[in-house]
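Written out below as structure tokens is the structure these notes cover.
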Amino acid sequence: MGSFYGENIKVSIFGQSHSNAIGVVIDGLPSGIPINENFIKDFLKRRSPAFNPLGTKRKETDSFEILSGVYDGHLCGAPFCAVIKNTDTKPQDYKELFNTPRPSHADFTARMKYKGFEDKTGGGHFSGRLTAPLCIAGAVCMEILALSHIYIGAHIERIGDIWDSRFDPVSVSKEDFDKAQDGELCVINKAAGKEMKRLINSVREDGNSVGGAIECAVIGLPVGVGEPMFYGLENKISAAVFAVPAVKGIEFGSGFDSIGMLGSEHNDSFIIKDGKIKIAANNHGGILGGLSSGMPIIFRTAIKPTPSIAIQQNTVDMEKMENAEISVKGRHDPCIAIRAVPCIEAAAAIAVCDAFLRYKKIN
Amino acid sequence: MGSFYGENIKVSIFGQSHSNAIGVVIDGLPSGIPINENFIKDFLKRRSPAFNPLGTKRKETDSFEILSGVYDGHLCGAPFCAVIKNTDTKPQDYKELFNTPRPSHADFTARMKYKGFEDKTGGGHFSGRLTAPLCIAGAVCMEILALSHIYIGAHIERIGDIWDSRFDPVSVSKEDFDKAQDGELCVINKAAGKEMKRLINSVREDGNSVGGAIECAVIGLPVGVGEPMFYGLENKISAAVFAVPAVKGIEFGSGFDSIGMLGSEHNDSFIIKDGKIKIAANNHGGILGGLSSGMPIIFRTAIKPTPSIAIQQNTVDMEKMENAEISVKGRHDPCIAIRAVPCIEAAAAIAVCDAFLRYKKIN
Amino acid sequence: MGSFYGENIKVSIFGQSHSNAIGVVIDGLPSGIPINENFIKDFLKRRSPAFNPLGTKRKETDSFEILSGVYDGHLCGAPFCAVIKNTDTKPQDYKELFNTPRPSHADFTARMKYKGFEDKTGGGHFSGRLTAPLCIAGAVCMEILALSHIYIGAHIERIGDIWDSRFDPVSVSKEDFDKAQDGELCVINKAAGKEMKRLINSVREDGNSVGGAIECAVIGLPVGVGEPMFYGLENKISAAVFAVPAVKGIEFGSGFDSIGMLGSEHNDSFIIKDGKIKIAANNHGGILGGLSSGMPIIFRTAIKPTPSIAIQQNTVDMEKMENAEISVKGRHDPCIAIRAVPCIEAAAAIAVCDAFLRYKKIN
Amino acid sequence: MGSFYGENIKVSIFGQSHSNAIGVVIDGLPSGIPINENFIKDFLKRRSPAFNPLGTKRKETDSFEILSGVYDGHLCGAPFCAVIKNTDTKPQDYKELFNTPRPSHADFTARMKYKGFEDKTGGGHFSGRLTAPLCIAGAVCMEILALSHIYIGAHIERIGDIWDSRFDPVSVSKEDFDKAQDGELCVINKAAGKEMKRLINSVREDGNSVGGAIECAVIGLPVGVGEPMFYGLENKISAAVFAVPAVKGIEFGSGFDSIGMLGSEHNDSFIIKDGKIKIAANNHGGILGGLSSGMPIIFRTAIKPTPSIAIQQNTVDMEKMENAEISVKGRHDPCIAIRAVPCIEAAAAIAVCDAFLRYKKIN
């Protein structure tokens, strides 16, 4: 019981890697919001392997059908549902893996939890494929937020030891988002992107994989969105972001760097500017006491290396209860962080939209 | 609407820094669990300033009263409620701050959200004082988990640039927890603890503060606790941990270090040992696909420097809408990370107990 | 934000009368439960107009497709999703009604709530057609409950002034359910059923409709299922049952008759029988303090006459803001209570299954 | 896990009949609402036995203390908490009952659920005493609703076979509420009230009890409050109202009378009146499709006779597993319906406030 999210909207994601379809239901969306299917389509494309030469060779087109919730081009107040049929499924790629859990995948934990009844093909419900409906939900939330001039963007901050630039935490803008998205890899510094590409191709050739980091920003939120304690924006965003497979860490603002800072360095001063209260810096990452401060929300996530690698690894045969070896064949991303960029944006969009709809009903 | 937590248990925290009382209700606890008030008392002591020479001078004894939910020494199936009366309140310490929001505190965001009706004394509901009822809830959850031999422990991993040792991610034990808790500061390496103490006293003399990091482990969980996607253990733990003020980041297992790792380095092999399936290493931090793997759960949190500092800072006067200066007087911790140790344990206990009670009902 | 239900399972229903499809997602179901699609099919048939000569002429076959959550014939722990494509849609039947709300329908309230963006065809999301996915969810829950020998059955207790017999509240059995379901109308007394049929045909000829009552029983529940106060079985069952359109009342046990009773008459004595504690009578309807007592749960619901009638009625033109007349054409049930029988069973099954899964995890 | 309620506000009730205290936490209330403690006090008085000569002789003064959530006379955005100390407790009255469950009480089901660990004194958490914090929560919700001119009132519709008049379902007003509350019994027809009083005194002398019915109305709600399906106003109100002990049934509008009606009789026409859309009658009880229609919400509840009676009854000794007899001594209400009137109002207020706060944020 875990694939739903939200207090003010209720997002419910379903499907397995090789089930008939995957999809999402969102209940509680405001009526009257125009839904641009092309926007959703373009957003999905950013995560789709079909459009990314650096990704897996599994070529799902991810064409979705809206089953409900939209009437005459607008959200109609009824639950939104969209599905994607699974087409390019090759379950036989996975059959030999059924008794030999892939290291650092959910095969083993799922087997123990569901007692062998879990869908074993392609990771079942734990597959990265489930981020497609997550992205649909995120795109719908982005369409709602955009009406209030709230935007979300992310870029690859790092692959292995190659660093991209960071967003300016005070002045990051929608233009910065657009620039980062322009090109094969979502990076600010296109030269760094080229190096990253070389690294990825090199680890792919080795049958290996590599980790990455993603930086995400939310701009345009008014002051006071969010709630104290357990429903603060940090809580809500992290509860959504860890739904993206391979995320192993999240930090807001100066995050882990805060450990080494003094209060006098870390504290962000208030100032009057143009007759308004502003904050001079953004170590706090746009969130104070769980509530938005009016500054950009800045967070970074650590993405582990894709656990599916062709290199031989040690595992066990759960039937025979003996040691075994495994080489994960099939079609895998050498650096899952690349395709995770829109997924992180989507998770953030869902979290922020849920909080924002409590703050201010759009209709 | 944010001070509650949980699906299988419902934790509801109330109170303000200077309200009549602070407290917590927990609904959904199993009946029949023996409740040892002394255990709760001792746990609260670890967070209490009254017992920590390095902490604030506000001397709340934090003596609590259980109002309901316990009968004849056991949880009785009815909602548990405990309260702590606020006694050592000095609201006048805060009065002058009402219009000058303290940098990196929630004063400004709360003022904007609640439109001036918020309780302004001592941070109101945003005060670190609210971690006392969090710790009561955590202690009750620990008593439940202990019956199934599940234990939680944490230590200060770092203050400024002074590092403690880390838990062994594979073999960390209850004894390690006990050793870390033995002494003024929760550290494994007592020599490092002494250096930390010197650093803290030095920043205190400067009227400044310093950040820190806490490492926490959960041991004894069987395989398969947790849920996929949004209710994975990482999601649930982070949604609880960010309720502790000053937390700015969280990572599980190798966390942010995963970024620079190859799949072949990061993946944790399965092996047969003593006729059982084990995992050879713990880069995954005890969680795969949101589910416990049987390995210790290891996570680390970044704690920002206490925002209340005596050093003069720039702020604004929200009434006069002009720039102002502020020096936060009152009684503050120069390094809030120290007292956050049991709070992080408590947040983890609540999250893990909630997940565990779905996995296995104790009665 | 209303079309979801449940604490331990999460049921999310979507679709509009004339959207591409309608369906349901259920998260949190236990893995390993065998799913018999024919059982679901047969259950759906009982609500389907295609199989009921007394019902509407809209001939949806209600053939459903399971998109996810079932693997190798069993629930696999992933969210279950099933959809029904809408095929026999005739939106033009409704077009003229767009500005003239049908009396006692949701047209007017939905228009005001969703500001004209609501799906106006055939009642949109408020259509009785949405009880088809409700029935799918109910059937899945029944399959889970049946494994623990918990069964649910209902019959028409009354149409207009024609009464069926009642279930024996102490000894009602699965055989009684089967007998009631045998025949065109779900009644115990088949002679009464014939009279009801005559009455229904007569009101249909008049272009009118008539109300009805349904009695439902849940048998086989152990003692202690349910929770106190707001999550008692009465609360949970009524919160589910009022999702069935046209339900206007619900009573448990002796219900509204209790008003005229003395305590000495109403109280149900405990007795020892065959070495076990039993209850001698069932005025309490199988629920004490919100918890199941081990006796059959008995409840009755009042179903209003189908609001869609061919007879001319007064309404308003919401565009022109003037009085108008309306005769609801299209294909409607003269007595919606008939087809509501499986819907009430389904709602009860969902509510009871949700409570039961907290009481006792099946896997 | 049952004593909490709400989506937009979270009400959490705690306490047992003889625990240190009983109380309630409400999270999610809007800030800035003035809280008049005297209003709460007066409201509590209406349910208090201390002020009702027809009630139990247990004389709790029900004086409450607000622990949090109010600052400077207004809701401050932090969770509201109020407690009532238990003072006039006589646990020895109940001791002999521990093994002999009182017929039609929750003693038996609680014993089976909580395995003997339940608080056995005076019904523990299942005691009617828990309606005191329910009434506090209801009163706070009423203060919020009153700011938008939404009012709630109820009266005893029937005791045994003595009937009060009913509210006019179309024109019921705040004055009607005030008149009903004026006097010892909440009735419209004071002559009927006198007869009821005679009946109650007579059943008391017999050591018996009698059932009753309560009619409740909510006026002033705009059109469109509520949600479809499971969160319709009928669902929400009934989910709240069944938390009041002894409620065995609920009906909205013409309710169970609808069964015998034709569609042409039952349907409520729309009309233009004073340039506005109105509804000519109120068989629908102010709710269409789960949404408020702008007409008064009218519902009626059936209250069973107080199960505690002095008359000898059959029960069992659960220790000895043999038949036994019981006469419930102590201090009990011969007709619990009388004191249930404000409790039903409170439950309705909580349900309606929760729905209304989603519809329209007050601040």
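A, B, C and D label the chains in the order they appear, each numbered from 1.
Everything that follows uses one rule, which is that a contact is a pair of C-beta atoms (placed from the backbone, for glycine too) under 8 Å apart; a residue touches a chain by one contact, two chains touch by 3 or more.
All figures in this text were calculated on a predicted structure; none of them were measured in a lab.
S.K.: Using the touch definition from the top, list the chains contacting both chain A and chain D.
M.R.: Where chain A and chain D share a partner, that partner set is B, C.
S.K.: With chain centres set to the mean of the C-alpha atoms, which chain is at the far end from chain B?
M.R.: It is C.
S.K.: Measure off the straight-line distance from the CA centroid of chain A to the CA centroid of chain B, and report it in whole Å.
M.R.: 26
S.K.: Distance from the CA centroid of chain B to that of chain D, rounded to the nearest Å?
M.R.: The computed centroid separation for chain B versus chain D comes out at 39 Å.
S.K.: Centroid of chain B to centroid of chain C, CA atoms only: how many Å?
M.R.: 46
S.K.: By the touch rule stated above, which residues of chain B touch at least two different other chains?
M.R.: 1-4, 7-8, 13, 78, 110, 113, 125, 228, 358
S.K.: Given the complex with chain D, which residues does chain C contribute to the contact?
M.R.: It comes out as residues 1-5, 7, 13, 101, 103-106, 108-110, 112-113, 125-126, 130, 158-161, 203, 208-213, 223-224, 226-232, 234-236, 238-240, 242-243, 245, 247-272, 275, 277, 280, 283-285, 288-294, 302-309, 311, 313-316, 318, 321-323, 358.
S.K.: How about chain B: which of its residues touch chain D in the complex?
M.R.: 1-4, 8-10, 12-16, 19-23, 25, 27-28, 31-32, 65-69, 71-72, 74-81, 83, 110, 113-115, 117-120, 124-125, 363
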